[in-house]
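Each of the next two complexes has chain A plus one other chain: chain B in the first, chain C in the second.
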Partner chain A sequence: MKRTFSLNRHLVQRLGFGLITLIALGTVIPIVMVVIYIAVEGGPAISWEFITGFPREGMRQGGILPAIIGTFYLTLGTAVFSVPLGVAAAIYLSEYAQDNWLTRLIRIAIINLAGIPSVVYGLFGLGLFVLFLRFGTSILSASLTLSIMTLPVIISTAEESLRSVPQAFRTVSISLGATRWQTIRRIVLPEALPGIITGVILGLERAAGETAPILFTGAAFFLPRLPGSPFDATMALPYHLFVISTQVPEMPFQIQYGTALVLIAFVLGMNLVATVIRSRARARRQW
Partner chain B sequence: MESNLNWREFVITRAIKASGYSAILFVALIFYFLLKEAVPTLTEVPLGDLLAVRWYPIEDYFGLLPLLTGSLVVTLGATLIAVPFGIGTAVFIAEIAPRWMREILKPLVELLGGLPSVVLGFLGILVLAPWLRNLLDLPTGLTALAGSLLLGGIAVPTVVSVAEDALDAVPRAYREGAWAIGATRWQTIWRVTLPAAKSGVLTAIMLGVGRAIGETMTVMMVTGNAPVLATRLGSIFSPVRTMTATIAAEMGEVANGSVHYHVLFFIGITLFLISLVVNVTASSVVFKAKKRSERVLS
Partner chain C sequence: MDKIIIESLSLQYSDGTESLRDISLGIREKAVTVLFGPAGGGKSSLLRCLNRLNDLTEVQTVSGRILLDGENILDPKTDTITLRRKVGMVFARPVVLPFSIRGNLVYGLEVMGEKRRSRLDEAVERSLRQAALWDEVKDRLDDPAVALSGGQQQRLCLARSLALEPEVILLDEPTSGLDPISTGKVEASLLELKKQYTIILVPHSVQQAARTADFAAFFLQGELIEYGDGKELFTNPQDQRTEEYITGRFG
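And now, the complex of A and B:
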């Protein structure tokens, strides 16, 4: 009796583990397949002309240079605003903030920023930056919108990284006569830097791939030249992919897959860099 | 020199504090600018018309029900996919997989989280929708089902990472205790580890659902964009239109300050409030659980 019971529960364990393993495979395999599929279908489209040329014949031929440059500008613009602000906010939360209602409010605000739908950021950017501040449909408006969307990612990863620096480092520095800021600047920040950079890249990666927030704040359907100032609208890779896969009839598949490939290469390249920095920093850590 | 240093310290400290408070400012700004453009809706469109079943803005029909049910159907479908796959994968990564496999799986799932939603929508149009159409013999593959499948995939990484953190946070002693009294690893997972991580797992599901409701580009591209009231279970096989997709698809074509423009902001603030409720509830579940465990330990 007892024997069969224990056999049964081991059988249940086997079945259960089998099921969970299948589920995990069911999650992971499609991810790998998506990336490989796009690489295979889009690979043949990639050429020097595709990367460095302008779209021609109603975007059905030629290259996607303006979209690549545009996404680069938007990512850069997002970094300019969100990195200093996000890292400073993380420093505040990890080094200055006390455990009171105000800090809790800040945390709730950050959680909310992280959860707001991307298209709602688009509406907000339209209301504040495009119309109210009169920045127009521009790289500036789009970058500012993306910055606020990116902030929670940067703040929470940077804070986690700052918090992982042992308290003793700070105590020793302060006891040697350093001020609080000197301690942060010379001791805490350098130790936390790899983690902060990882967070920044992951945040910017998200910004680079987003379409909805830039729809009404800075994205252009087609531009015959590159944007000349932050007040110009710009083409962008994700929006371009949306346009050529839904708005342009008889679009050659190869160009669509090629554009998708360049976009995921851009985004996953950033992801890879972040992963490498993080694992290297972990391996080197001595405390 | 000394006073110079104090002055610098003062300015920097102030700047850091201001940055810390900025998150509150941004949430307030977002709320204000949505509200400002959404409020006129209430005077321009009678409430009864907003709760009607017809969305046809060109002829001033602003019934929001089809969009609400559209979002609901797609999100429900996505949840049904994201919960088992998300929790299952989290359990696998946290409890079953050997260390080397963890190191591969975690970045892979993060990679899915990093895939731009427009890429998934693109594949949805070219690969998933035609496949569904043939498989289920539908007039079109661009349906709520296609949206649910892809949205489920988009929500999975959120569920996995939060649930996995929660499972990881369960003290090892709990598991050792269960093993010591003869439980199998499987029994330990079901009876000890998962219940102990319950609040975190719940948070994971809520955040995943929140992610799904707010997703825009994928659903706009693959759900067929038909603002038809979803009333039956079978609606999952027909085209729908979500709230997010409506904003994204129509905002570019409306005149600033028109009724249609205000109604789109009204939908926007509805989405904002939904995400507010979901996220505050999700985080308070975590806070409460933390307090309880502190009480138990003290």
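And now, the complex of A and C:
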């Protein structure tokens, strides 16, 4: 009697674990399917000309170079504004801020910033950067808009990794006559750096793939040349994909999927870099 | 001569717990003064006042004075950076910084702006010899410090404080995590070091207190119960509570 009961319990446990494992595996399926589907459909479109050429025939032929370059510029521009700001804010929150109403207000603001729909950022950027500050529809306006959207991601991951540096390092450093800033610069920041870089890349990756925030602030339908200054508008991969999928009649499917493939490769490539940095840092970690 | 004079020092943490009550104590220069007593007696709090490390904690109200060479270090105008150079500290758990052995030793000098390689090298060798670690690590100064054993790490921490050429060394149960052999090495270093430095030690046992003390102060629940010559205090305590603690009747 007892024996069968315990057998049953083992059986239930195995079934339970099996089910959980299946569900966990299930999360892998969509990403794998998306990547495979797009690779199969878009793969044939990829050629040297596609990567390095300009669109021709109303974008129905030719390449997508201006969109690739544009997305690169936008990502770079976003990094220029959001990384220093985000890391500085994270250092403030983790190392200097006291627990008072001001800090709590900042934290609530960051959380809510992360929850705002991206199209709202687009409208905000249009109002503030394009119109009020007269930056026009430009890489500058779009980068600034994307920066605001990216900040919460960067701040929260950077703060997290700063906090994970053992408190004892700080105490020891101070006891050896270092100032708080020296402690941060020489010990806390270097130790937290891999985590910060990972957060930065994850944030930028989201910025690189967004359409809505750049829709009104910097994205161009079609440009015959590459942008020459931060005040020029630019083509960008996600917006280009949107345009050729919805706005251009008789668009060859291959080009659409080819564009999607390039965009995914761009974003997953950044992801890969983040993963490598993280695992290397983990292997090197000495505490 | 007294290096440090503590005058009616009281300390309260911001959650209301009282840590030290009206402590007055003179700490003799170039000798080992032991602060001992049961846990929670305020010994560590007192240590952390002596290099103003309590600035980092949720203190509090502090009253009284601590005179180091005649200057009140509790004065808000005190330059804590200079103070902490003069008053080095070794913690209970060895905390090596995530650098090489040499990197740990030169850290304090580098943050105060010393760049000359010869000075840094000189400080590395001198401090390692003082902490009886030189022979064990001289060939691998550039190895990560975490690769050392626990006992070696704690001696490295001691050396790291000594590299700054402090005048006072505070040790907060420095051997609590060490085996008897490493403990012996640290204690032997202290005997040597007291010729040059003023040492204040919170020991991890009464035995260690008795072994090392030139002077001893017995703390109980934030109060200084008895203070005097080490040998005298451990063989012939004046206060009954001191006697009961030393003989192991409580603690």
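Definition applied: the second predicted complex is superposed on the first by the 260 of 287 C-alpha atoms of A that agree within 3 Å, B and C clash if a C-alpha of one lies under 4 Å from a C-alpha of the other, contacts with A are read in each partner's own complex, and residues count from 1 in each chain.
We take it that a contact is a pair of C-beta atoms (placed from the backbone, for glycine too) under 8 Å apart; a residue touches a chain by one contact, two chains touch by 3 or more.
Being a predicted model, the structure only gives us computed values, none of them experimental.
Colleague: For A:144, using the defined touch cut-off, is the partner it touches chain B, chain C, both, or neither? Pick first, second, both or neither.
Modeller: Touch partners of A:144: none, neither chain B nor chain C.
Colleague: On the A-aligned overlay, A:169 touches which partner chain: chain B = first, chain C = second, or both, or neither?
Modeller: So A:169 only meets chain C here.
Colleague: Looking at A:187 after the superposition, I want to know if it touches chain B, chain C, both of them or none. Which is it: first, second, both, neither?
Modeller: The second partner, chain C, only.
Colleague: Could you say whether A:220 touches chain B, chain C, both of them, or neither, answering first, second, both or neither?
Modeller: In the superposition, A:220 contacts neither chain B nor chain C.
Colleague: Determine, for the superposed model, which of the two partners chain B and chain C contacts more residues of chain A.
Modeller: Residues of chain A touched, chain B against chain C: more for B.
Colleague: Taking the superposition as given, does A:212 touch the first partner, chain B, the second, chain C, both, or neither?
Modeller: First partner only.
Colleague: With the two structures laid over each other on chain A, which partner does A:178 touch: chain B (first), chain C (second), both, or neither?
Modeller: In the superposition, A:178 touches chain C alone.
Colleague: Do chain B and chain C touch any of the same residues on chain A, and if so, which?
Modeller: Touching chain B and chain C on chain A: residues 179.
Colleague: Taking the complex as given, what residues does chain B use to touch chain A?
Modeller: These residues of chain B touch chain A: 5, 8-9, 12-13, 15-17, 19-24, 26-27, 29-30, 33-34, 36-37, 84-86, 88-89, 91-93, 96-97, 105, 107-112, 114-123, 125-127, 153, 156, 160, 184-187, 189-190, 207, 210-211, 213-217, 221, 244, 247-248, 251-252, 256, 264-265, 268, 271-272, 275-276, 278-280, 282-283.
Colleague: Applying the document's contact rule, which stretches of chain C touch chain A when the two form their complex?
Modeller: The touching residues are 51, 53, 56, 81-82, 84-85, 88-89, 91, 93, 95, 97-98, 107-108, 111-112, 144, 146, 157, 160-161, 164.
Colleague: Residues of chain A touching chain C in their complex?
Modeller: Residue positions touching the partner: 166, 168-179, 182, 186-187, 190-191, 286-287.
Colleague: Give the list of chain A residues in touch with chain B in this complex.
Modeller: Per the stated touch rule, the residues are 9-10, 12-13, 16-17, 19-21, 23-24, 26-28, 30-32, 34-35, 37-38, 84-85, 88-89, 91-93, 95-97, 102, 105-124, 126-128, 131-132, 148, 151-152, 155, 179-181, 202, 205-206, 208-212, 215-216, 238-239, 241-242, 245-246, 253, 256, 260, 263-264, 267-268, 271, 275.
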